[in-house]
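Next up: the structures, one after another.
Each of the next two complexes has subunit A plus one more chain, namely subunit B in the first and subunit C in the second.
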Partner chain A sequence: MKSPIRLERRLEQPRWLNWAIPLISLLGALVVGGLVLLATGKNPLDVYWRILDRGFLSERSITGTLRTATPLAFTGLCAAAAFRLGVINIGGEGQLYVGAVGAALVGLWMGGSAPVGITIIVMVVAGMVFGAMYASIVGVLRSQFNTNEIITSLMLNYIAGIILNYLIFNSRSYWRDPRSVGFPSGKPLEERTHWPTYELFGFSVAFGFLLAIAAAVVLWVIYKRSRLGFEIGIIADSPRAARYVGIRTKWTIVAVTAMSGALAGIGGASQVGDFAHYLDAKGLQLNNFGYTGIVVAALARLNPLGAILVAVLLGGLTNAGYSLQGPDFPSGLVGTLQGLILFTAVAGEILTKYRLRSNRAGTKAVAA
Partner chain B sequence: MNSNIFIVIAASAIFYGTPLFFAALGGVFTERSGVLNLGVEGMMLIGGVTGAWASLHVGGSAWFTVVAAICIAMAAGAAVAALHAFLCVTLKANQTVAGLSITIFAGAVGLSSYFANIWKVAENPVTRQIRKLDVLGLADAPIVGPLLFNHTILTYASWVMCAVASWYLFRTKIGLQLRAVGESPQTADAMGISVVKYRYIHTMLGGALAGLGGAFYSLAIVPTWVDGMTKGAGWIAIALVIFGFWRPGLTLLGAYLFGALQSLGTVLKSRSYDIPGDVLDALPFVMTIVVLVLVSTRFAHKRIGAPAALGVPYEREER
Partner chain C sequence: MTNSAVRMTGVVKRFPGVVANDGVNFEVLKGEVHALLGENGAGKSTLSNILTGLYRPDEGTIELNGSPVVFGSPKAALDAGIGMVHQHFRLVEPFTVAENVILGNPETPFVIDTGTTAERVAELARRYDMAVDPNAKIWQLSVGEQQRVEILKVLYRGAQVLILDEPTAVLTPIEAEALFRTLRAMTAEGRTVIFISHKLDEVMSVSDRITVLRGGRTVGTVNTRDTSTRELASMMVGRSVEFSRVVRQSPADPGNVVLSLTNVNCEDDRGRQALHEVTVTVGRGEIVGVAGVAGNGQRELAEVIAGMRSSTGGTITVSGNEVPNGRARAAIAGGVAHVPEDRLHTGLAAGHSVEDNMALKNYRTPLLSRFGLLKRNVITSQAGDLVSKYDVKTPDTATPVRLLSGGNVQKVLLAREFSTNPRVLIAASPTRGLDVGAIETVRGRLVEAADSGVGILLISEDLEEIMSLADRIVVMYEGRLVADIPASQATREQLGLLMGGAKMEVTR
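Then we have the complex of A and B:
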């Protein structure tokens, strides 16, 4: 039996694939998701329309979408930065928690005394440092002992979750509000430590979101213009070749993993400074921002500027999920759709290597 | 005698280690064929939720229901694994990201939670559980009772499977061909072995075993459905494949070691030892990292047993 379509090796990768693949992937995910919805007795068009409506079609929904997009942008950049080197850091989740712990620590400690600007800067830096240090565990183990970074970073996610629970629920830590007796919660930060929000085009935009855009631009410049970016490209393509030409691959792995963790760490700091204003042990763990960041990075094809756009897109999906959740919009639906998007994005990568050709007489291109 | 803490821990290590072993044994098969499966956690959860559904909705005698639930969970795990094989074998996608996509798609906040929600599985505790047996009436015998004669049917099945798997991998022709596919698909292909077929079958077999492990959580350990109930067991299972050097017997030992770590919290808490619960909760995860580092340093250059073509898609035209 001959399959009607065959794969033909591409000799070069046309530029239009950069945006065509994410679009095809997204469309594919919606179709497959629609089949899942149909199979479980839901009307896909109705569900999709409501997601669109709650995610993107009003000022209020866009404000909420940008709010959800903020941590996703950071975790997306975190994943993209590491994946680009070939280091599969899936520890964005834990690095985000730890960044939040760091930012909450300095926020509580500096409290109302220091000037507002300085407090905010120190909180951002603390988030970065904590996230970077936590990620360095993964980077050092990978570069020194060649330990599988996927499993170590994932284990550290669980450990970070346990640390959060310990700090808020199971100890009398500095982060816990001593007044919260019945249900323990984090100590609230002084109002002076709250990060500003800006009104842009009628939507309120968190300071953290602007930081994410700035971080994406910095990353983009690093990739395009710096020596480090060049070396990252070589190591990703061939670690061996990189060593032969004298690139310090071990150092680069540690540095990039730390940078990747720093990005997720700012995401955690932004959760504290922009939104929660205390160390929200439960809320942080509820949202799976780190794992969704992997979807963001994959759909953006590891492009930092693309990651911001995709973060807004998936932020809208997640945000719609929050506001729609109920009996006829079960939890798990948004996660399923996100997983499908990642799934089709992975599948879509085949189009960079191959073109699909019809196997019937003549060689008419079927798609792509 | 049988309430001696070491015996209690050893017995519960076997109990908690059983699902880890199923998932890890599945990983051994999958990885021996050269496919890396990081979707184990997702497959376990899908197995868990479908098993719980079946135990609530399949009628008949208790035994029939349990057997049906196990079969359905295994079929569901295999179905999800087929998706993974499609990505990795047919589309030759990056196996790491493909596996992650499976875990995110099927995992704790994905399809397994969606199914649990629309089937209303979480609201009802599982009535038809997989219970511990009293084999030959020896469950209360000193020492050997709790260790050997007081387990679920699946634990006994896992011992049989461990032996059969070793025989299959190292003593049969198909096992030899399977290892050839994982070591050098080019050679296997030249010998006339279908690389695609072997990889599909063993990835799906791995998924079925992961689904079985998931069902053990929802039908025996907890036993009711909770979103994300495997809590990283799938990932520990992936690490166990490495600790076990891709061999069923060693994997079984590793699974019991981690079963012991997982059960330590429950056992020590029930005896009011004053150890912070969070430390015990973190122990399996910390130990996974520690053991992984140990294994990767000592055998950095000569990783015993790792299939040479693991994680590499096979493309016939690229020789």
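Then we have the complex of A and C:
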């Protein structure tokens, strides 16, 4: 039996597909999710309204959504930056931890004395540098020894987690609070090092989120307008053409991987400076920021500005999930809905490259 | 005839846009080494792929030992006793020799008795004088030994007819001698060997009979002892057709050297020496043709001059200035333009737009970028100018290059290379695969560039192209320049001999 429909490669990819396909995917997810909700005896419209309300509309919901979105924006940018070159850095998770370690280090060290502005800038820079250095292990191994970066970056995630645990739970390190008896915890940073929060349009926005937007704009300019971005595009399209015009491919791989790690590193710094105000070894590892960032990048089709939007969307979805959960609404159902939305969004991606064609026309011709 | 092993009659095989075999007749007798001789693209590979069941012929018949056969798959051909030793080995590197030999053999039992297998493989190897340790892992072996494993694989399956595709291309002369002894041992037992090659000397020394293909047709079959390399060469390249030399507006100035290579050596991707002490000069406005069968170091020659590949010795100068070794940007800045063989994926970034590709060589100049940022509007207008100047047929300059036709792809590449105002142009097979109109255009552009003073190194397998365009012709054979002849004195026959590796007096 021939399948009634087939996929046909699109010769050209019209621009309107870029926004139409995600929208259609989202609608598809809502329909399928609605069926699941009906089957479990819920009113889908009611549930969807609650998601919309708790995630994006009600008072204070935006504040929570942006808070959740901040680290996802950074890890999303981290993945998007490297994927554009064809370097599959899935180490955003570990690079974020290491960035947090760096920011906490300088925050604790400078906390009491230096001017507030300088302290915050140095914390951001420390997050970047630590994240970049950690990621460049991956970049150097890939460019010098052609090591598979998926494996090295994944393994380094585990190592970063172990480093966090060691610093807080298994040693009397500089980061650990000496007063914490019983359950060990990170040393609190001075209040002077806390990053500012801004009240904009009636909700509070963390400094880190604004940084993420700025980073996205910078990244967008790099990819769209800069020589480096041009070279990255050529390497990704045709490594032989890059060699032909003398582009330093190895150098570019290391630089881009470091840049990618720096972005995740600021995400880690923001976790310390914006929210936790200590090195939270447990909390950092709880949320899979780095891995979710890969989803963010994929959904945003590696567009940096898109990554911010998607991060907000996922942030809202996550927060709405927390508030939906209850005795009448099991967490499994929340996960099912979130999974469906992500699944259809990624599945819809294929329609930007291929189009559906009916096989029926051909069969008729044969019959006639 | 009763002792015919293989007889192929009227074989036709068409591919989109090209007839690879156009009524080929080919007969091989039992117990002989039969050479299949021809230039690249003559149809040798297609014919052997048909014989081994990889392709089905569109027309024609195949007889094996006198009875007609139709092979639906390579396995069917192998079962019937026809085995192929490919030029590129198909071996599993971490496995041992014996394991590779029995791999894919339907008689291999589920549980393998390694000891017995190794012994049988070793015995087979001894019988045909092939020194190889059955318990060695493939990755530990030299290329010559790996080839023996390929031969053993085919013999182990009981092949009566062995096809070897350019088997000596990867061998040292001593290894080649050993291979020839093995082939003799096999034919002495009544097996049949089909030996595909374009090297005249080795064909003369190893074969009993020779069939020459040209342009997909059989030119003829001759007894080796009744022929000469000279006759084979003219059969291979064809009788010289009268063709007109291109008329030049301004004559070449060979004394005013713009490109000079002195004793240049380099290695190929696998670390074997690809260029041996290559010395050549190109004068201002001169077109120097590099003739030769593909794979004799032409690609490496082009890449070394363009800075894409590091040399392992010798010097390259452009207009008297030495070009730093292996630095493409320095070569470009020094005035070297390069039209590579692989246009779409080396010379261009196929997924990128026409305008990006037009900027590929000069995007770093102040004209197109400042403070690390590109001036996109200048990039677009530059591309617009070049598109109209070189008459590139494209909807707009934002169209990806991969959507353009072959001729227009080459126009984009030439437009960009000439826009850098080069002193030297390396053009590798610049008209291959193009239609007649595009070929005319490209050749016209090359002559125009030479007239304006660019020194051109024209690397091509197309003798007619070289003879009609070049002022001087050098021949490459096995990484060496074996001749340097003024184009007006060169004959097809002479070039064919040199390309096939025949020794001759070098006329300087």
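Heads up, the rule we're going with is that the second predicted complex is superposed on the first by the 306 of 368 C-alpha atoms of A that agree within 3 Å, B and C clash if a C-alpha of one lies under 4 Å from a C-alpha of the other, contacts with A are read in each partner's own complex, and residues count from 1 in each chain.
The rule is simple: contacts are C-beta pairs under 8 Å (C-beta built on N, C-alpha and C of every residue); 3 or more make two chains touch, one makes a residue touch a chain.
None of the values given here were measured: they were computed from a predicted structure.
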Touching A:298, do we find subunit B (first), subunit C (second), both, or neither? first
When the two structures are overlaid on chain A, which partner does A:109 contact: first (subunit B), second (subunit C), both, or neither? neither
Quick check on the superposed pair: does A:151 touch subunit B, subunit C, both, or neither? Answer first, second, both or neither. first
Thinking of the overlay built on chain A, is A:230 touched by subunit B (first), by subunit C (second), by both, or by neither? second
Which of subunit B and subunit C A:220 touches, first, second, both or neither: neither
Let me test your reading of the model: by the given contact rule, A:244 touches which partner, first (subunit B), second (subunit C), both or neither? second
First (subunit B), second (subunit C), both or neither: which does A:340 touch? first
With both structures fitted on chain A, tell me whether subunit B or subunit C touches more of subunit A's residues. B
Intersected contact list for subunit A, partners subunit B and subunit C none
Per the touch rule above, subunit C residues touching subunit A in the complex are 306-308, 327-332, 338, 340, 342, 345-352, 356, 359-361, 363-364, 369, 372-374, 376, 403
Using the touch definition from the top, list the residues of subunit A that touch subunit B in their complex. 9, 36, 40-41, 88, 90, 141, 145-148, 150-152, 154-156, 158-159, 162-163, 165-166, 170, 288, 291-292, 294-295, 298, 330-336, 338-340, 342-343, 345-347, 349-350, 353
If you look only at subunit B, which of its residues touch subunit A in the complex? 38, 83, 87, 91-94, 96-98, 100-118, 227, 231-232, 235, 238-239, 242, 276-278, 281-282, 285-286, 288-289, 292-293, 296-297, 300, 317
Quick one: in the complex, what on subunit A touches subunit C? 11-12, 221, 225-228, 230, 233-234, 237-238, 240-246
